[in-house]
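Each of the two complexes below includes subunit A, the first together with subunit B, the second together with subunit C.
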Partner chain A sequence: MCLSVPLSRYPLYQLGNPQLRIFRTNFFMTLVKPGKEQPPDTVQFQIPMEMTKCDVKNYLEKIYSVPVGAVRTRIQYCTNKKRNHLSQRVKRPDYKVAYIQLAQQQTFQFPEIFPQKDTALEPGSVEEMQDQFMQDEQQRQKADPRRGGVTEWFGL
Partner chain B sequence: MAAPSRLPLLQVCSTRVFLLRCTQGFHSEPTVREPAYPPVIPSRTAKSKSAKKRREDDYHSQIRAASSVQDKLRLLTKLQREKYVVYPQTFTLNADRWYQHFTKTVFLPGLPEKFSVGRQVVDNENGKVPPAAGGVDPAVVDENTFSELRSLVGNGILQENFYLKKRRPFLQKEQEHVVAPFLSNLVSSVTNALAKYNPLLKKSSLDFNPEVSFYWVRGERTVTRGHRRGRVDPIRFQINDQPHCQIRVPEQLEEFLPLQESVSAEVPVVHFEPNRLPMFQRQYDNNIFIGSKVTDPCSYGHTQFHLVHDRFKRDRLIKGNLADQIEVRLRANAIASLFAWTGAQAMYQGFWSHEDLTRPFVSQAVVTDGQYFSFFCYQLNTLALTVQTDQNNPRKNICWGTENMRLYEEVKDGEVVGLNDDVLKLLVHFLLNKPQKM
Partner chain C sequence: MLGLMYCSKMAATSAGRVLSLCRQFQKSFSISTALLLQQTNVLTSCKAQLSTFRPKFCLLHINNLETSLAQQCRALHTSQWRRGLEEFFDETPNWGEPTVKSGAPWTAKQLRTKSSEDLHKLWYVLLKEKNMLLTVEQEAKRQRVQMPSPERLKKIERSMKRLDTIVQERENALRLLQTGQERARPGTWRKDFFGRTFWYRFKEYPIPWYLNRRYKRKRFFTPKFVDSFIRLRIESHLHSKILKKKADLENKRKLQEKFSKHSART
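The block that comes next holds the complex of A and B.
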């Protein structure tokens, strides 16, 4: 992600320095749907590599006032094996994932963005009759199950 | 008949032996010998489900036939595999629900009837024992003894916080420097003072920093990756706990509820794998230990005292926006520690998951951080937690517990301000617990 000020340029803290206050951060977090099933109080984010657990906690609490209980992070390594048409290795960029557990017994469920549409056709409509006809045809074309998969070639 | 003997047939037929043989057993039943086939059982070494089942059954019968408890424990714990390590004092959130699921425990707020009905612990009128509502004779302590205990406790608090000149403790060692000596002092002095009221305490053993460990199996999972993919594996757990101190007794405490009585509350079921808690797996020695070896006479548990570590103190949790987790963590600590202790006690008596308990095992615990005390009671009704043994097992383990109660408000100018008598009375009641027949 392109940044106006590189993240590594935040001033290093030394004892006696004034409290560092950042009003508009360079961080941007993405809420993602978990790949594996997560407990109801866990929210999954993709965060920039330079961000730490404390940064995530402060970000969510101060900007979005979300009560954060615990934060755990991991770095996902992505492949450098793929090659392009010039036979050069192409790296898929690595990314950092944060698992945030909400405090105060709150829960979060990632919404279904692409809901499964029930293909229940109206009885009596043209599509339903067509569908029924196709199903009957397929049933007619199938071989006799009593033959146990043996083809018509073997027989009278 | 004639062919093997080379004699003419008629001659053979007329011999005496031949006639005898022909006529002897003519009208009696022919001697039928049963065909002696070997028993039709599945193989031991085949790559089949029935072979695996036969190996497991052989293993179980080997354990049942073990001559001594030490042999039984060795057979149960000798095979090392990856297991989840359960920490009673944990940083994880909402751990008490997960621990209840792992140990099949029901949590009931408040204490059992024994501690709430006969609450009159202190005898206010000299020489007169007040009758209890339930007709049970509660343990009653003299007013003098109670005031003596109050002064002991007050002295203990002042000793650590006021009299002794202490340096500022190093990072995260305050509990160790300040509260641990006070707790040792409190336990040993109160136990000694109450020994004359409770003869069981005279025969008890007080251990400091004992090790309590327990190993059990609960639930199953399918291996997702690796060369064992697709196989069904049991989920193993291990607790290695170090309470601050514990009292072990030679006789078992009485049960709070009868074994077969069903409790209305439900055990929470968690469908996620334990590593989502998060909990981590390791492979090392499988230990089952109550604090002393099997041959020790004091093989039953009475009370444990747990000290909350610096990392899990109240002010830290409140600062980290986790104020509701304070009670949760105390409950998790009590459930895990007491389940481990009572489970190990039951195993020391020879019970295991396929030979379930015939009598409930009971223990008590006090969890404190120096100022706040909470009291817990645990009754172990069943050890049969594996998938196979849990199918028709209606029994559940029960844990009772109180909320946090303050012992004193603060220490000011060499005086303990606001010493709470209720907490002391409850502590005394806990320590006076003894089997009925004593």
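The block that comes next holds the complex of A and C.
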């Protein structure tokens, strides 16, 4: 039986039942940069609401082979106060956050995924000419430096 | 009481784990080769399939090197892929790029040719890719920067949906052959309180139905006093059918009038 869709409830367990196995999980975890400063061994994830701490631990250990020490979760409630142009209340969806502490004294630092790359514009191209034109315009619009920051409003 | 996740990954050495979680990620071309190796290893159980190297979505990070690397794949022994949390991010050359190249999603026709084991492995490859894309998307929202190539998410979702369809088809076929059951989840036809017949799908309860107070309040039977309302509903349904038929005939007559036979010109 493929339980690929995240159900609202897991199948019932009664004493003597075989171990539940889920083939082809439908859970997706998002690694996020922590808003507040976290200890070096803590990794922060946004997980679906149906996932539990045991699920997270198994997920990371089996699929990503990451040694997990401890998992703590919380549910972030998001506002239902905002209203749209029809003055209907619009709910921002709630989400679950998991804080994973890595085992074996490992550390993790969230990297810079969007570094500033200095792209050298090739001479003669359209972008280069546009860039040059914009720079010239800005130079022209600047006030006379001899006025020492005083605006044109003060005559003379 | 929660399930273990079945996966094809095996445990690696502790040294490998430490390396993978090192602060400075290894920025080298070997990552991209290793990625291709892993993905080809995962997706193609037999080497013969490497010769029919079509640009599939998850193999397309290194699009232009397919022919040379395909030959390298045959020669090299593919070691176990161990990167841990690095797999939540894209390859290091792709960071900061405005666009990232990716190929077409998997079609149902292509997926039907794959074995169940291959499909299982492919599911996890797609899962990891989707996790990576979601991470990048969230970070882009955080930094207020455009995510590079957001169409990759849609491609992944469609591939996964199609994979799920294929697996369900195979399971349905197997179940029909083995047990003769048409549906995976048991159910039955029932009448609700208003006399309407519907397909009721069974739900799991730890107690029998006659001890379940909330279930007994549902009433899957129609009391006597509802019969007159059922009759009215049947009448209105028949009336609407007649009206629809009349409207169709009227429409046909008008069209006939407008575009009659003798008005047609050659």
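In the analysis below, the second predicted complex is superposed on the first by the 108 of 156 C-alpha atoms of A that agree within 3 Å, B and C clash if a C-alpha of one lies under 4 Å from a C-alpha of the other, contacts with A are read in each partner's own complex, and residues count from 1 in each chain.
Criterion: a contact is a pair of C-beta atoms (placed from the backbone, for glycine too) under 8 Å apart; a residue touches a chain by one contact, two chains touch by 3 or more.
From a predicted model like this one, the values you see are computed outputs, not experimental measurements.
S.K.: Put subunit B and subunit C onto subunit A via the superposition and say whether they clash or fit.
M.R.: Taken together on subunit A, subunit C would fit alongside subunit B, as the superposition shows.
S.K.: Report for A:Gln88: first if it touches subunit B alone, second if subunit C alone, otherwise both or neither.
M.R.: In the superposition, A:Gln88 touches no partner, neither subunit B nor subunit C.
S.K.: Kindly classify A:Arg72 by the partners it touches after superposition: subunit B alone (first), subunit C alone (second), both, or neither?
M.R.: It touches subunit B, and subunit C stays clear.
S.K.: Check the residue A:Gln104 against both partner chains and state whether it touches subunit B (first), subunit C (second), both, or neither.
M.R.: Both partners, subunit B and subunit C.
S.K.: With the two complexes superposed on chain A, say which partner A:Leu12 touches: subunit B (first), subunit C (second), both, or neither.
M.R.: A:Leu12 sits against subunit C, while subunit B stays out of touch.
S.K.: After the superposition on A, what does A:Gln116 contact: first (subunit B), second (subunit C), both or neither?
M.R.: second
S.K.: Determine, under the contact definition given at the top, whether A:Pro39 touches first (subunit B), second (subunit C), both, or neither.
M.R.: After superposing on A, A:Pro39 lies in contact with subunit B but is clear of subunit C.
S.K.: I want to verify the contact counts: of subunit B and subunit C, which reaches more residues of subunit A?
M.R.: Ranking subunit B and subunit C by residues of subunit A touched puts C first.
S.K.: Could you grab the smallest C-alpha gap between subunit B and subunit C in the overlay, to the nearest Å?
M.R.: It comes out at 12 Å between the closest C-alpha atoms.
S.K.: Taking the contacts subunit A makes with subunit B in one complex and with subunit C in the other, which residues are shared?
M.R.: Correct list for subunit A: 67, 104.
S.K.: Tell me, which parts of subunit B touch subunit A in their complex?
M.R.: Its residues touching subunit A are 91-94, 272, 276, 278, 321-322, 324-325.
S.K.: Applying the document's contact rule, which stretches of subunit A touch subunit B when the two form their complex?
M.R.: Per the stated touch rule, the residues are 37-39, 41-42, 61, 67-70, 72, 101, 103-105.
S.K.: Across the complex, what residues on subunit A touch subunit C?
M.R.: 1-2, 4, 10-14, 19-25, 28-33, 43, 46, 52, 54-55, 58-59, 62-67, 102, 104, 106-109, 111-117
S.K.: Which of the residues in subunit C end up touching subunit A in this complex?
M.R.: 1-7, 9, 11-12, 14, 17-18, 21, 23, 25, 82, 84-85, 87-90, 95-96, 120, 123-124, 127-128, 130-131, 134-140, 142-143, 145, 164, 167-168, 171, 184, 204-206
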